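Presented below are the structures under discussion, each in the form of structure tokens.
Presented sequentially are two complexes of subunit A, the first with subunit B as partner and the second with subunit C.
On to the complex of A and B.
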């Protein structure tokens, strides 16, 4: 998760503890859901099950600092206890180690909105499933600095991986690497012939490392270029999703609509086009926006619950990211993921319980 | 190969002359107190003491007893001089720092007295290097007046348990808070950094605890930047004794076993940052 974002979102639910991250350009989202069985003890509501479940986010760096040295952790730590103390504003991670030594970390957290990417694996036209090892071994052929890779289903059922090259680059100066995998290397193949998607390699590698270590098969669901690609890992106690935006096909570029664009963001750099407001909603409350502009909720559009993304053709439209956007990748025509926001009943944004690190200087609309 | 640094018939004897078959016995100990460029060397018949200080708050001493040396003579009651420790260490490790089995650097150290440089003769594999390091006026050293009768709390721990903790201390915290108490949490190291606070608790019945003599609950804070260098001494040692007195002064004594199984000591004394007598979370 640290390969994706700087913040770790923790969401205790009835079905388990979900850890999530999103990158700054909202083009990558990952969630790890640990079922209650994964834990020796799992009490989402604490001692009072009727209490409202708190979700929070902590700085990735702070959280990782607790688990600094993996080899020594394996040798010395017997038990790990994670407690959320909303009144003390602390996320407590306690490691019970050898010799009776106890390490207690009290991390500051911030309450936050639900972070959820809208995606539907059922609605995807193509899917592949392979042992993680197959994909790791394929990906190792590409240089570490490579930004994007294209996954394609060629004629004859061969699956190919190819590094993505900018069109503008001189063809004679670039090296193209293409790898073809036979269908029988995969556990299941259900692809649309000729389909192709391009996505960011960095986040994908992060997931592959985990998948290999946990020895789980990786399932890839994808659709048309521009639609997000979903990578899934599953076993009895863990469910992992990585959703990456894909590069859209230049041929099917459409005009950005102005239907919902009535209220323009007053922000100087348009991270997200106006049409995005119809389905991209601010994650956080106003005290902690990321990105220079933030995305305040549009007054013309009511916030709504996430819904499957395949229906409305208007939502298929292109979103052009002009200008520099922090995160990966800045200059491509990546689609942002569809995010929905589920507000707690009442709609009032929760008052920040943490000291504000960086007040949002952009005024609300 | 015997290195005779005192030519026959020389009228001026050396006030300090010492020989060591393995210079590493000296260099590793000196590294454990090397957090400032300069050190004060103090030689008596009992042995050599090298002291490093910083900010008038912290003092580290490395003791190398006379028995460690193959030859050790001190002509005066005590010999004191100030020297550049970085240069001294560079010279002692002039043949490299990697410890290949079977090879060791032999050392002969000679000092003529006040105003004279410290002369080092180092030999490895037939190659001899002569170093002369200028000495300076010794500074007045801090006297922490820390004696065993004034000790309020004392713990002896196996270093193994503390090593990782010290290496992973949250350096964004300005202080390291040490709590010692006859009641829970017994022995606690706390930091207060950017991410939040972290506490490391050692119970009194832990296998790591060799001795636990705490009479009073004491919580003291020390500047973490001053104590961090002690991690080197901790890494070399097998046991550490942690003692505090009524003022909250901290004494850390590290028992170090060298390659030949001989025991040497390094100690660190540190002033508390603020005096907090109640236990604080």
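On to the complex of A and C.
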């Protein structure tokens, strides 16, 4: 997340703790949603469950500073407690270490508006899924300084990655590198032939590093040029989304879209508030392809049968769960059912997305 | 005008990459001359280069499994290209586990050297990475600018000390001064000297040995007449010397330099199948 933005947005919800970041030009957004099962203890409303859930943002640097040295953390920290003290305006991160040492970090936070990119993976025309390793190996051929890369579905069923050269620079001066991958390197391929999108490599590399380390396959959903590309990773307790803007067409510059570049929005405007208004209108009036449990496909939780977690993601900022999430098959079924029940809204409370949007409209007014 | 070449052997590929890496460290842009049997990387002594010039020669047969070249015309069966060696270096960098590397001269939108690397993959077909490196075709009328430099009429010729040692000495000296004096005599002694207002540092090397050169006019006795102890010296830009030494990735079979007092230093680094000559002019 630090590769994307300077501020870390924390949003506790009923479905888990969501960590998000957006970049300054609003052309990249990422969210990591940790299900309650990831934690030993998860109380979104604190001691008083009826209290309204607070969202806040903290400086990325401050937060990262707490978890500075990962190897030493793994050796010394037994438990990590994160709690929000709204009245004191502090986010407290407490590391309970060996030998009775407790390190408490009080980070100043700011209350903030909802940070939610609007995107719809079901509405995307093309999707690809590959083990992270394949994509990492592909990206290694491009220089570290390369800004943009074009992903395309080429002839012969090959998926190609090539560095993007702006037309202003003389095309005869820059080296062009192109990598072709066969379809069978991917786990799933459902692409529109001849489709192509161009996006920033930097944030994508960040996600790839995480994906490789956690050994999760990466899914790429994309549509026409200009529509955002969505990268997702998921396992039983974690859902990650990275939404990047794409070049709208080969001729024009990379336009920072608003965070609301969804399939049926009008042209992006600079005014964030306006877009949200129109998005909400669109949300309420459009019909969605409902998932099996009746929850509209929210960016945070499409309901699919989770694959067995091959290895627990160990590089999260929180400590590793302690046996709460077994990776072995016998428990899987149980967990997915449990998961389902956490997610499926009861009659009383609205589905997570709708709830979130409703809050925002209040905020806007 | 056509050019096609292929490398399949990994050892040859790594060796070729190392040569390219060395060239890339020495020149931002250089000329690649292709003949039927050899490749040459040439940097001519223009003012823009600070007067340095380079001549690097490789036998294609030692690197390539396939090599086909057709020059501009039958009686001038050569190709001269201008390119940025760093691009070639980058293209080969990630080819360490390649099954094959093919290089081809193409002209789709503009002349390019297309490097196609075939990489192993778990799927049925290999991964192919292509790098299109833009090149400039140098017309025949300019070929004279790129002739092989002749060995200068030197005062002293001496073998260089172990390059690694020389490199670390020069690197430290670089922090103190912009220019360095190389002096050597025919008794196998060489000194590297820097001098500033505050400090002067000299490193002495002994027993280096002097290569024997057959005199062009056949009179060997003239060498014996020369005073074996007298030093020939030249003050050169220390950065250029450091670049040359830093770029060496493999220890050469032979490394020597010829000094023309107060004029120029001519370095010759010989490997089994590659020879590199580098000229650094003396500072005024």
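Criterion: the second predicted complex is superposed on the first by the 249 of 365 C-alpha atoms of A that agree within 3 Å, B and C clash if a C-alpha of one lies under 4 Å from a C-alpha of the other, contacts with A are read in each partner's own complex, and residues count from 1 in each chain.
Note that contacts are C-beta pairs under 8 Å (C-beta built on N, C-alpha and C of every residue); 3 or more make two chains touch, one makes a residue touch a chain.
In this text, all values refer to a predicted model and were calculated from it rather than measured experimentally.
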Combined model on subunit A: subunit C and subunit B, fit or clash: fit
Contacts of A:79 with subunit B and subunit C, given as first, second, both or neither: neither
First, second, both or neither for A:104, with subunit B first and subunit C second: first
Touched partner set for A:175, first subunit B, second subunit C, both or neither: second
Which of subunit B and subunit C A:184 touches, first, second, both or neither: second
Touched partner set for A:69, first subunit B, second subunit C, both or neither: first
First, second, both or neither for A:59, with subunit B first and subunit C second: first
Partner chain(s) touched by A:90 [first = subunit B, second = subunit C, both, neither]: first
Minimum distance between Cα atoms of subunit B and subunit C in the superposition (Å): 14
Overlap of the subunit B and subunit C footprints on subunit A, listed as residue numbers: none
Subunit B-facing residues of subunit A, complex: 59, 61-63, 65-66, 68-69, 72, 76, 90-91, 99-108
Subunit B residues within the subunit A interface of the complex: 161, 164-165, 168, 170, 194-203, 205-208
Touching residues (chain side subunit A, partner subunit C) in the complex: 138, 140-141, 143, 171-182, 184-185
Subunit A partner contacts - residues on subunit C that touch it in the complex: 84, 87, 90-91, 94, 109-111, 121-125, 127-134
